[in-house]
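Sending over a structure as structure tokens; questions will come in a sec.
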Amino acid sequence: MYYFLRLTRALDERAHVLQQQNKVVGGLFSNQGQEAISIGSAFALEKRDYVAPMIRNIGTVLVRGHSARDIMTQYLAKATSPTRGRDNSQHFGDVERTGVVAYISMLGTMVPVMAGMALGARLKGEDRVALTYIGDGATSTGDFYEGLCLASVQKLALVVIIENNQYAYSTPTSKQSLLENLSDKAKAFGIPGITGDGNDVLEVYRLAKRCIEDARAGGGPQILELKTFRMRGHAPHDNQAYVPKGLIEAWRKKDPIGRFEAVLGFGEAEKAEVGARVAAVVEDAVKFAEESPLPDGKEALQGVFEDDSIVPFTPWWRRDA
Amino acid sequence: MYYFLRLTRALDERAHVLQQQNKVVGGLFSNQGQEAISIGSAFALEKRDYVAPMIRNIGTVLVRGHSARDIMTQYLAKATSPTRGRDNSQHFGDVERTGVVAYISMLGTMVPVMAGMALGARLKGEDRVALTYIGDGATSTGDFYEGLCLASVQKLALVVIIENNQYAYSTPTSKQSLLENLSDKAKAFGIPGITGDGNDVLEVYRLAKRCIEDARAGGGPQILELKTFRMRGHAPHDNQAYVPKGLIEAWRKKDPIGRFEAVLGFGEAEKAEVGARVAAVVEDAVKFAEESPLPDGKEALQGVFEDDSIVPFTPWWRRDA
Amino acid sequence: MPELTFLDAISRGLWEEMEADPTVFLMGEDIGAYGGAFKVTKGFLEKFGPGRVIETTLSEEGFVGAAIGAAYTGLRPVVEFQFIDFIACAFDMIVNVAGTSRYRWGKGVPVTFRGPWGAGGRAGPFHSRSIEMWFAHSPGLKVVAPATPSDAKGLLKACIRDNDPCIFLEHKHLYRRIKEEVADGSPAIPLGRARVVRPGEDLTIVTYGMMLHRTMEAVAALEGRSIEVLDLRTIYPLDRAAVVESVKKTGKVMTVTEDTRTGSIAGEIAAVLCEEAFEHLDGPVVRVTSPDVPIPFAPTLEDAVLPSVKDIAGAADRLLRY
Amino acid sequence: MPELTFLDAISRGLWEEMEADPTVFLMGEDIGAYGGAFKVTKGFLEKFGPGRVIETTLSEEGFVGAAIGAAYTGLRPVVEFQFIDFIACAFDMIVNVAGTSRYRWGKGVPVTFRGPWGAGGRAGPFHSRSIEMWFAHSPGLKVVAPATPSDAKGLLKACIRDNDPCIFLEHKHLYRRIKEEVADGSPAIPLGRARVVRPGEDLTIVTYGMMLHRTMEAVAALEGRSIEVLDLRTIYPLDRAAVVESVKKTGKVMTVTEDTRTGSIAGEIAAVLCEEAFEHLDGPVVRVTSPDVPIPFAPTLEDAVLPSVKDIAGAADRLLRY
């Protein structure tokens, strides 16, 4: 777990440097300070389970078996990336190999989709749990609600982790909901909902494990709210001027990596050893991504349908006269 | 109130006769057994308040000042109907005169819309409450949820009455939700939610009054669940075969009209007197509706936009050669 | 061969696919014991059990999302909308998640979305809409709209077997009005191919759905004229080749749809003909459509809005004389 | 006269309308202290207060519904989508509640829906879509898509003052790229009227949004040819008369849009020309559009999909030589 925490952090730092150099295509959404949630929960899943990460759940996909190269090539929109440059950053997956489902930008959509994966698994007689994450902001979407309505009466093995990082872009959670704990939303469905410390990777692991195994045992969907803080702006152009003074500093003291180091009793030597391993992996990923070509424009017309002949079409002015 | 209970019932009975005679255009959605909810809650509103009825809230619009003729001409799609034959049955209203907002078929939509009416009133410095009804089934829509999310943080003077008549078409409430009381959905928003007896018009009035005045006093949105039973099928073609034996009979004993008569201590004489008044009003409405013309086809192209010239268009084959 | 109504043909098609392929299952409101609002799935619960006939909550976006998820696990969900108009409530999920999925990350979404569609039934603005172009215009979705029982059965099978999301439109006005002999176990009919319903030399009328039947009536009224009638059957992908081939013969094309004019498939056909057969056009490509208004409720109003047999015949006659 | 970027012009238009009419107010995500994702409403909270600059929950269908309700009380809400793509999440509310309201029960819905729109920004499939035809095809909605700062300001004012629902599309690629002098207090520009950007004799190019700028580049590259360029400005209602009038002069028409081909406004224009100006057409109505694919993320892929200056010039050249 420690390795993944460090790797996630290092990838994020490095991506921001690349972003400064104008090498990152499109947006960049930092997960600094929130890494424990992705990693603790991903460790709590079985290999056969399904998971849909959000854009900030880099840690999850790494634990599930995607590589640092996958992350970096996605940021740089390269032909070697999992989506071959078709979709942004964290929007990729591989159901068969890693059980990861590609997220899309419309927030909330993955709750019904993952409910459906749990349903599919059950119909096929397979013992798989489906897990997804949702931001504090996105808990205000109808999709979150409709997915859980269906999942609750169907008693689907779905775990929804509310990653409450206090903000949705510039909007504080107090402007999304009157609730102190968003896990109380579970009461609308008659399902279990608990809240925990999202900056403590071991607590995350323990609570996620409990929810996952309860869901697996037939307990129906589970909501787990994990409190954390988004240490950077929504994206690099956001200077977080709307965050009250001192709050960021207060949360910096609760940094999940530092806390876990304390638990592990790691000294400088151990940290440096992992740091070196991580640096090598990041370096390799960046090098690989930078050296990879952009996709060939000709590919743009392929792959909308299984039958690739439906879309391509010679426009009038390109035909022989 | 008693008059309106009887009038609503009589209109429903009569509409079913017309339906048998193939005179009703489109669907017919009975409110038998549920009349107390519409009428008790409509009486609890102030004249200045806004209300969006569902298709089964005939009683509400009558109390608000729409006539039996309005109801019957809508059923018969006549030119004299409030929508001049443009929309179905219960889909009409008149914001200025009656404060009634026209419903649409997509269930759930009126929750956000009525939240907006409460917002509009507040922005204009007006002291108005907005009330709407929603079926047990429609509490599973994202619209219900999103409307209340917004209303809760904005502390809007919105009252949502959940008319839990045990079924959504053929689907029992147990297949919509694990909750015993749907008013518990309020807990997802951190707002008050209560449950009451929807077949007791005085209890409906009392609870609705409380919610309305709490909302008016700045208490934010309120959920009031009223339990009742849909005594007929979803629409005339539905024979309710899916309803367990005995259930309808059990609920017939709780008929809101009979119960209110007992409370009032009405004997046959009082009942007959109101019955005669009601019969005359229904007769007049039916006669008026039957004698009214269907709308002129030429009107079909008008009124999409304020500027009526945008839509009409002479097709090629109708132009002069 | 059994004589099947349009509705029965759809029901049989669904039944045969469910029998043949255990990965096919159903989702929707009231489709279980009740058999669905129009009884398309009557008897399915008894035969296939609650594991394959899943009654959902009243949450269109939710159950469409769940169908997509189930498809990701390798199943083939068939989703019923009680009326196709309610597909608007699941719009985001269909155009954004389902439509783009294969293109984005290579994961196809073999879901069939089906439901009663179309006007003419005095059902008002929210139970009568033509929704085909919302989806034909959104990349990654196929849109299918049969006009006969045999096509309905065969095309529904093709949709279910297709590895991409298909929207299958069942004109509710045809459900119990038309009958045809359709063999048990009849094969799937390939998507994307129009059908020449009647050959002709002087004019091509392109149509689909209920309007095919009105068109045939109009053509009958114009007896003696040589009119070719093409039933599109699939709106997306459009069978451009069939339309172009027909105009090469007739030189004149007219489209008939109950959809509202602006942005309907009729415009697309005009554009395709301009681009691919301009030199063959002996007259304007003429559109007979509804005007850009919601479908009104009253019979007189609805009739004024929808193309009538007289409208179609009048337009055809005028174009023939052009 | 101040020189304004496209974005500033929109911001000024909004500001002036809010100053002039106390019933105008704003709703949207992050539009308050933060000033909106693109800073269109920067400073509005300070000036107009939280009563008129309402930051919403992350609930598009919910706040769109609330805007409709507020409009029913006599107000004029202006709703921002953080990216216009998220309008898909409020689709039902817009097409079914807002679009049909006046027709159904006579109650107009003076709401303006606005947001950053369009491709070219390497923003991927969910932040680049052309959404205009979903709404132009749905009765009761107006769709406006300006291409210059002065048009943006004037047309936004017209939308806000309009008593029917308008969808106002702001091409985000133009936000900070183009500038123009626009007077303070400039008037509203009527909806539904195209603008002749450049007169010509031999070919008409009809376009809108960012593609107007690519078209002008292409026309510049084709120097010496007499090309008329028409900026539609409003997609619905379409200025049929302007298009027809132009073709009467030039005889040839080409449409350019970044929207995907099938069902785009380009087909509508072809159909209108067939119906209203067939005898004036000296060549096919040619469409330059994106193919029917989601907008991909990588620069190379996105560039392959969107019409380029070269595509436009090539098509124009070919059509001129037809």
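In order of appearance the chains are A, B, C and D, and numbering begins at 1 in each one.
By our rule, a residue touches a chain if its C-beta (ideal position, glycine included) is under 8 Å from a C-beta of that chain, and two chains touch if they have at least 3 such contacts.
Because the structure is predicted, anything quoted here is derived from the model rather than measured.
Considering every other chain in turn, the ones in contact with both subunit B and subunit D prove to be A, C. Within the contact network of the assembly, the step distance from subunit C to subunit D comes to 1.
The geometric centre of subunit A is 44 Å away from that of subunit B, both derived from CA atoms.
Note on chain placement: the centre of subunit B and the centre of subunit C lie 34 Å apart, centres being C-alpha means.
Centre-to-centre spacing of subunit A and subunit C amounts to 38 Å, using the average Cα coordinate of each chain. For subunit D, the set of residues that touch two or more other chains comprises 57, 59, 61-62, 85, 88-89, 92, 96, 100, 103-104, 125-126, 139-140, 275, 284, 286-287, 292-294, 296. Under the contact definition stated at the top, the residues of subunit B that touch 2 or more other chains are 83, 86-87, 91, 104-106, 140-143, 145-146, 149-150, 153, 175-177, 304, 311, 315-316. Taken as a contact graph, with one node per protein chain and an edge wherever two chains touch, the assembly is complete, since every chain touches every other chain.
By the touch rule above, subunit B contacts subunit C in their complex via residues 25-27, 77-79, 83, 85-88, 91, 104-107, 137-138, 140-143, 168-171, 175-177, 241-242, 294-301, 304, 311-313, 315-318, 321.
Chain contact summary for the complex, subunit C toward subunit B: residues 29-30, 32-34, 37, 55, 57-62, 82-83, 85-86, 88-89, 122-127, 261, 284, 286-288, 291-294, 296-305, 311, 314-315, 317-319.
Subunit A makes touch with subunit B in their complex at residues 140-146, 149-150, 152-153, 174-179, 184-185, 187-191, 220. Across the interface of their complex, subunit C is touched by residues 85, 88-89, 91-92, 95-96, 99-100, 103-104, 125-126, 133-134, 136-140, 236, 238, 260, 262-271, 274-275, 278, 283-287, 292-294, 296 of subunit D.
Touching subunit B in their complex are the following residues of subunit D: 25, 51-52, 54, 56-57, 59-75, 77, 92-93, 96-97, 100-108, 139-140, 142, 162-164, 192, 237, 275-276.
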